[in-house]
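Below, chain A partners chain B and then partners chain C, in two separate complexes.
What follows is the complex of A and B.
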């Protein structure tokens, strides 16, 4: 291990392919031992960022630091990083053992140590019993584990994973998410994980970066990013969001910001991105569906807006209400099916929220 | 119109039965036709070879029925003919040298054309593949003009050079197809795991190309060994086996002997190719590959 504070650091890194800006001046720091995710829709630059870290692409501008040392031009085979490919890229003519031993043998480790390390890595991913098998005789999930072992065995400073669960079915994916998290905790290596699946990123990450159009929109823990999204894009990409247009009424030190929604309802909000909060500025209130409640009549001490139930969708553990607001637009309300009261399509209702769950983002990126 | 067709359909009650009978007949007819067609194709494909083999055993110098009796004398005569052996040795020499050269040229050109992006890649690809579509007659005549213009004496060397020209593009095409099919991430994975470029080629790319290389070797060898047209123009006073066959055919008396030796050589070639294929299949099986990948893709 190294004393550098960050296993990985990107400073104003930009990557251009011809006229196309794939990655646009991103900054990020990943400390040792962290599970960090790059999350975003396809084409947001997350894979390009990963490939720059792995050494397959060179940044057009900016600096990439690996364990505190500048690493822009280190070729991939001399970098202390390893990449798990989405297609696994296992060598089809080698057994599981030979695949995993490929890295240590290139590092010219003595053969007994190679054997020891390979078996330990296979043990970690619970594949030791299949060491002599060929990749084509393995299932998708098993190949995934071998690919992981093949990268881990080199004890990289940073392990890079490019949507490694994308090809697995849902059930196996859920299993592997927990498994990856366990392995990461066990080996203590910094993981940088690329995915477009926000649920996957939330499940595993210590912190994550939400990317869009080559830029990082927000970096934070899953809770921060979910409860206090920096932009409308983040609010809508991570989980579901109800967005209401509003105007800032009151900003005072020590007391919550107050905004009024266009239908006249006023509400205080728990948090507001500082730059957006000036009296009179147009903002967006973000309300998560599970933080909303339905009422038959106007609740007395809660901010609420009036509407009519358009649809009721039963989804097993939760029930989803789509409410058309009288002021226009729709709201989605989620409730657990344990709640006894029911509303039916056509019912007039009031939708309320707790001010401590309301969050405000700028409306500038409408 | 609609009503007429409705009435038509309605009155045709015996229709289905007739149709049923017809369909059985039709099925039988189809089966017969299919078999006849297969027999015809088989006859056209293998008829000449079978006739050749049959007449090589006929105790007569006339290639015609009726059979005069079975004899092995033509084989004895062929085996004792020194020109056959020298021409066979020449053909073998050329093929043995041409094959590795074609594999090397094909491999390097295929890697260059698939892995590197350079200006003129399109035109270069077309240029490399060009000998595959130019008639061998043209290549033969062109080679003859080229060698005489440059003052090169015609010999087995000039035969070999022109064989390389016609055969290596085939290797390039076969190997490029296989390289395109490989997961491009295999190459990156090897680099990522600490292999240098040469190590990546040696440890990952080449082993995955071995089956295609072996298949290419079989093709190139038999192209070179069996080639007549190009050899004919570039051999000068040398005799390769196909040239010897052609020149001997002009003497009707020797025809049965040519039959005999051709039958023998064909049998040897078929046996060797089939054996090579089996060896290859076993080797690939052990390495977890399927021989069908060469022809059908993975």
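What follows is the complex of A and C.
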């Protein structure tokens, strides 16, 4: 990082509503021009965090910095941030043009410049042709674009988006994800995007923060968060995870490098988020379904565990196998349909994994 | 009585209407809506248009105690006498001021109840509704004990040594009429305004703030345009009863706070001059009609439809 201040920084920010702690001492830094997502289940505090950044809520404790300046108490109408609301919140009595012009007019820009900027913003979201329409005559996707233009036109330092695609159908949502990413690259401003949809967050974000119960569980790039989840919660929230309980066999530089799972199989592990663990301590091994493989008999050179196929589910591009382990619990295995398959429900199988993808998290959290 | 004998017109529930409707002959189909309207129209005809018609006839007849019932325009000429014209002007002034004060109080109050008071929203609405349950006469007498020469306000002001003599303009003036009318009609103004405010999505107000609008701009550009229909409805609902109120001017108006309706009441019940009373009634009706027409005229109704 260079010396330029972060577009947005939160230091130990806490928000309480009465006795309820909505956001519990979170820290984060978002540099200029980054697409950053706050990801988590509903009630995890992500929307409250966003509303604090927008200025609709004031942090109970901690400091919020906008472009390096303390901004806890700046009211929303004086902040260089703009929010795209989940419900769009367009002004129902104004045309598309008037909606988008609302911000620039409040900034008292000369009217020709307002017009120019509004049309440019509508151009960016491909809505210039509908400038004179009222919001009620637009489709959900179109309203969404107008809401985006209405925020973008102010050229905020940080653009905040509160699950803006939540109300759209799947196909449109996928289109808009790519569209949002394109727009973000074009305008080059920092986006902070709130969503509960991990796929959405993975598709668009440069980095993301996974939140749970008011705390940030992990911040990282989509790859980091997927391949090296910090906690069991992250492992299970982002994508699918098979979790095996294990005991540490060997430790190097404070990190376990070899563990044995309950049925006695030993495996080396590639990465670990459990610092300071000792030989003999309990950990969890995270294995992604696409890193597992089925075998008729015990493979020679790979760690494997024995089980019985319970279900085979054809899903188009992939086939999902649910395997009941003899040692208890189930494993999910994903394989492409290009591989010839012979396993059927009831078959005894061995499930192997590639040690270079095996990842360990602490067993202390749930 | 067995169940099959039911009065015509109410034997079908609206739901059943949908299904049997289309099967009926065309003529019957066209007449059915008229039949459904017959009830309310009949009530209006008998209890509203009827009396009004009788008054219209009276207003063109010689109908004082000594009158003989012949046709005349004298009543309308009498209604144009300076004392009635003055009363009419006073009525208009009092009604307009009351309306303005009422809106100035009701509009912010409706906004607060709709958006700012949180869990007090329902209790406050109930309190407003309850305040209207009080008998109007008792309420007006209560105001007399508050505003009277030895009333609550004067006593307090004197005890605080803010005034030496009791204020004599507190009661039996236009002031007291405005106070009583405003207080009496407050619930009727707040509730439609509240209803209009409630249809505004709270996020829309936040969006305005987010886009750089302070509270005044938000009010001007967003809240007011979105509640203009309710605002108009409130004027129509409240202005007519205010301009035609007779109890408040009669009980707290004194000489300077007279209003047309109390004069009409006096002409009918006190002096038996039904002809002039009827003529003035139509003057008052025309005035309120004008206000309603004007409010529709100055506000483009079609633009006010904020429903989706």
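Going forward, the second predicted complex is superposed on the first by the 355 of 366 C-alpha atoms of A that agree within 3 Å, B and C clash if a C-alpha of one lies under 4 Å from a C-alpha of the other, contacts with A are read in each partner's own complex, and residues count from 1 in each chain.
Throughout what follows, a contact is a pair of C-beta atoms (placed from the backbone, for glycine too) under 8 Å apart; a residue touches a chain by one contact, two chains touch by 3 or more.
Every value quoted in this text rests on a predicted model; they were computed, and no experiment measured them.
**Q** Give one word, clash or fit, describing how chain B and chain C relate on chain A after superposing.
**A** clash
**Q** Where does A:110 make contact in the superposed view: on chain B (first), on chain C (second), on both, or on neither?
**A** neither
**Q** With the two complexes superposed on chain A, say which partner A:188 touches: chain B (first), chain C (second), both, or neither.
**A** neither
**Q** On the A-aligned overlay, A:154 touches which partner chain: chain B = first, chain C = second, or both, or neither?
**A** both
**Q** Just checking: does A:340 make contact with chain B only, chain C only, both, or neither of them? Give me first, second, both or neither.
**A** The answer is neither, since A:340 touches no partner chain.
**Q** According to the stated criteria, A:102 is in contact with first (chain B), second (chain C), both, or neither; which is it?
**A** Once the two structures are laid over each other on A, A:102 reaches both partners.
**Q** Superposing on chain A puts chain B and chain C in one frame; which of 21-29, 39-47 or 57-65 is the clashing stretch?
**A** Among 21-29, 39-47 or 57-65, only one stretch of chain B overlaps chain C, namely 39-47.
**Q** Taking the two structures together, which residues of chain A meet both chain B and chain C?
**A** Common to the two interfaces on chain A: residues 54-56, 75-78, 81-83, 85, 87, 89-93, 102-103, 106-107, 136, 150-151, 154.
**Q** For the complex, which residues does chain B have touching chain A?
**A** Interface residues on the chain B side: 183, 185-186, 188-196, 199, 203-204, 207-208, 287-289.
**Q** Which stretch or stretches of chain A touch chain C in the complex?
**A** For chain A paired with chain C, touching residues are 54-56, 75-78, 81-83, 85, 87, 89-93, 102-103, 106-107, 136, 150-151, 154.
**Q** Per the contact definition, I'd like the list of chain C residues that touch chain A in the complex.
**A** 201, 203-204, 206-214, 217, 221-222, 225-226, 303, 306, 308
**Q** Of all residues in chain A, which touch chain B in the complex?
**A** 54-56, 75-78, 81-83, 85, 87, 89-93, 102-103, 106-107, 134-137, 150-151, 154
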